[in-house]
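Some structures to go through are shown next.
Look for subunit A in each of the two complexes below; its partner is subunit B in the first and subunit C in the second.
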Partner chain A sequence: MSKIQNLELLVVGGGPAGLSAALAAANYGIKVSLTEEREFLGGQLIKQTHRFFGSEKEYAGTRGIDILKKLIDEVNKNNNIEVLLSSRVLGIYEDNIVTILNDHKMKKYYPQSIIFATGASEKFLAFENNDLPGIFGAGAVQTLMNVYGVMPATNVLMIGSGNIGLIVCYQLLQAGVKVAAIVEAAPKIGGYSVHASKLRRLGVPILTSHTIKKAIGKEKVEGAVICELDSNWNEVKGTEQLIKCDAICLSVGLTPLVDLLKQRKVKTTYVSELGGYVPLRDENMETSIKNLFVAGDVSGIEEATAAMIEGQIAGLSVAKRIGKNSKDEIEERIEEAKNELELLRSGPVGKKIRKGLSKLGLNHGKNYNEKFSEEALDISHLMKTGVPSEENLKNKLPSEEKVFDKGPIAISECFQRFPCDPCVKSCPFNAISENGNINNIPYVDFEKCTGCGICVSKCPGLAMFVIHKNFSETTSVVIMPYEFLPRPHKGEIVKVFDREGKYLCDGKVIRILDGKFQDKTAAVSIEIPKEYYLQARNFKVEEGNHG
Partner chain B sequence: MRIQNHPILSFNRGKQIKFYYNGKELIGYEGETIAAALYANGIFKFSESKKLKRPRGIFCAIGHCSSCLMTVDGVPNVRTCITPLKDGMRVESENIGVEINE
Partner chain C sequence: MDENKVIICRCEDVTLKEIRDAIRKGFTTVEEIKRVTRSGMGPCQGKTCGLLIAKEISQMTGKPMEEIELQSIRPPYGGITFEEVTKGTVMENDK
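For the complex of A and B:
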């Protein structure tokens, strides 16, 4: 019989929460064993090619895959962390003995404390024929195309308009896959408006108050029947329509992977706002069983930035409990992390999480400010369609037309309150402000703005543009963000589109900023007829021009 | 089909290797999952459901849904979506031609 190995801290799961937890504890001298089922670290962060929202401190403005590289690099450099790859935790027993399977061999461990960062799995949806090949979870499509470079399909119908659904649609387009439509049962878009607006500009329809009735096909998906829903979520008769597609992607939420916790009889409870059964826990991420902690999606579905901070809190809490020194410093860092989490959750988009946490008896939000819990603007039209209303646009444009006479100026098309600040932090002239809280909507000070276009490449929502209205007597120039192939050439004529993806006019590429600083979000200056300077927000480069 | 050019990512594929799907020789890359290699070869039907013989393929691709199970080198119920492909691997569909006694 194999010997039982003693451990100080076992972290289960090598995603953003687990990596952050391991680092936080190891930095205070705790010996950490980090176990991961796959043959590489990263969890779902490995496929996140978009720039992250949130605060700069937690890498906002950096792509998920690049955040991961930094975390893995730190883990590999840390002598206190032992990484166990291809190692699946099979069981945890009443005496906290943990069994781990690696290379067909089972080993036993006895950790002093455990942090479970096991993540989540995708929810399924009931409809006719939903078991056909070609029906994927949104994460599966991301895995195939972003991890292995394999096309999942040629034309995808997305079900669900939360941030995952919206982000995956954008990534499908980047991989060269068509998106037939996004179907959303609720009367409004679930994710951030900037993600929806990006897709509308690219011509993707978003059908709110719609649902899927059935998938068509025998061996594989060949289409889908969708229909409209009334205000009571019932089908509106006679609204059935057939959508041609070769894949249907389900992005209808996630549910925490609490199996191991249940095996150890950690107390769990059903909280719909947090995605299903979640462990009871305190503010330091400790569960109902002493020395067993949780972090990330397993403790309630949120997003990667929150997962990383929760990981830090859990890791630091272990360090405080079993570490030998620096207790005061650790306590201070725990407080800092808690405040940061609170700030992330304090806006209107954090409402659901706050409600869920309050059901767990957690008093998050001692610094919570009523002011940030409601939207500042009426964005009902925007959240229904993905396209801002005239009033929304007017709110962000200069109040006087003559401001455009001074030269190029940045225009922010960000209308929703959510925690994000790369535009503010990237501006070298301090011309963009959120009035001291990252949940506020950013406004441009047109006096200070020089129209340099740095923010165009840094905004994770691709919602910054620079407008030079009086470029010439008859033309204006709009600087737009661009993250597609083929890249344009200077002097090339491109097709220019409005916020709904409708063709407006042809435009001429006069400048391209596409270097290391832009990090694959090029800022492209397009010269267009003057009449379109307030509408032109997207362009497409013709494939044929580039051989 | 494989993505050749991507605006954000570059794919560092491993060594090209041979593997077998129900006896048919296919090409994949070392280190990618069996499921990714099958999909890249245009194979979307991995197995059949036991009773109604409905086609089964990938759903979650992260090892949680059991939709992609296949027999690999004689071992049944392998999660092909998280199992790395190896040279000469024999990947077989499950439940095709299997009779279930009620």
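For the complex of A and C:
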């Protein structure tokens, strides 16, 4: 018989949930073993180059990869955490004995508690020729690009407009790959409107109420046939069109990776709002089997911030159960974390999650403020097209034109309610307010705003602009956020585009703020003919100008 | 849609036609369909096809998704060689 090693806490999965869980428990003296199948920690965070939404406490405004660096640094410094890399959990048995493949040996462990933070897998889609080479999951494309530096294709058709689809499209464009279009079966965009608007400004069509019928190609993908759907999700005859592309990227949702939980016969149930089959669990993240906890996407598909908080709750719950000290303090911290989750889920975007959780019998959100569960503005046009309506824009512009005469002012093009506040926090003049609740839409106080442009680089949604209407007799200046290479030179002439990516005019680069403070989101001042100051929202650098 | 050209299980090359034929024959659980078609028996162990098959069963039988279970999952998770199994145990025996 081989020896069985006793453990206090085994955390399965080194993504945001697992790292947070390990840290939360280890900080209260629990000896943690953290296993990760891959040779490095990070899970999906390792690929997230965009800034996160949320509040400051939850690292809002920080890029996913930088949040990860902080977490890994803390884990490495913590003497209570042992990290097992390239270690795959193979099995979990009735007595909670776990086998792990590590260093080409199957080893046995007996943990007092286990937190499963195994994440999710990508959903697949049934359409003709869906096994042609060149059909990828969005996650695979992101891994190829951001982990291994491999360009997956030259012209991609994205299926699905959730946040992953939108973010991967943006990253494809940053990598120099063309995005032919985004196809979305639902009548509205699935992800955040700010992500969609960024892509529209870059000229990517978003086709809501459309679906893919088949992939075209002999040896590999050469195109796709798409069609329109009616309100009953049936094909509208005669709307077929061929879209040329050399890759089709599927971003049609994630589903919890419950395989290990099912090995142990943890009770699971199908909840569509949470992505598929999810484990039953209580508010402290404990499953139907005692001392078996879950955290992150495996307990229901959400996003990384929620995963990190769930990880904390699971880790703290284990510390409270098997630790010896600070029980009251731990209880307090669990309550704090639960309140944070509640805030995160309290907007209209969190509605689906709340519905899913209620199906699990969880009363997460007994304190939800109904006031914030509906959108404040009519954003139906925005969510259908990715482009704000005239009414939406009017709502965020100064009510009187003469306000533009005072000098440069910040304009916020953020119309959707979700918890996010880096613009508010970044303004040195307290000129941006969400009226006391992070779920409110931010408004600029044009009296206080000096047009300094700090918020332009800080908004995670790239939705802040500064407009100086009367820069000269005939020209205006718009400060725009810019995250592409090559960067423009001062004095360079660039092509300027509107919110739909349509060419408006040429503009002249007069200033570039691109230092450590801007953290790779440059704030570029572009001088344009005055007539376009309300339309000009993007620019492109001509390749030829940069050898 | 040509059901023969729609792949449901990529690992084992099982088409939508084969899945639907199996359901028509009366195999109406993901576990049964796995046993008659080999869907879900490849390297990914049903991570790609499981949900699609469950949805197909739901649509064809009218059974709600909440009443359809995924296939059974048993250890080991992912492939492992016999050498790796014995190495872990034999090494300890030698001590």
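Following the convention adopted for this analysis, the second predicted complex is superposed on the first by the 546 of 547 C-alpha atoms of A that agree within 3 Å, B and C clash if a C-alpha of one lies under 4 Å from a C-alpha of the other, contacts with A are read in each partner's own complex, and residues count from 1 in each chain.
As a convention for this text, a contact is a pair of C-beta atoms (placed from the backbone, for glycine too) under 8 Å apart; a residue touches a chain by one contact, two chains touch by 3 or more.
Quick caveat, the model's predicted, so the values are computed rather than measured.
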item	value
Which superposed partner A:I92 touches (first subunit B, second subunit C, both, neither)	second
Which superposed partner A:M151 touches (first subunit B, second subunit C, both, neither)	first
Touching partner for A:A60 - first (subunit B), second (subunit C), both, neither	neither
Touching partner for A:L257 - first (subunit B), second (subunit C), both, neither	both
Subunit B versus subunit C as contact partner of A:V278, first or second or both or neither	neither
Contacts of A:A117 with subunit B and subunit C, given as first, second, both or neither	neither
Touching partner for A:A175 - first (subunit B), second (subunit C), both, neither	first
Partner chain(s) touched by A:D131 [first = subunit B, second = subunit C, both, neither]	both
Residues of subunit A contacting subunit B in one complex and subunit C in the other	121, 124, 131, 257
Residues on subunit B engaged by subunit A in the complex (per definition of touch)	1-3, 5-9, 11, 13, 32-33, 36, 39-40, 44-46, 49, 54-65, 67, 81-82, 84
Partner subunit A, residues of subunit C touching it in the complex	1-2, 5-8, 10, 13, 16, 45, 47-49, 51-52, 54, 65-66, 68, 70, 72-78, 80, 83-85, 87-89, 91-93, 95
Subunit A residues touching subunit B - in the complex, by the definition given at the top	37-39, 44, 49, 63, 65, 121-122, 124, 131-137, 139-140, 143-152, 174-176, 219-220, 257, 483-485, 520
Subunit C-facing residues of subunit A, complex	1-3, 88-93, 99, 101, 104-108, 121, 123-124, 126-131, 213-214, 255, 257, 259-260, 262-263, 268-270, 272, 276-277
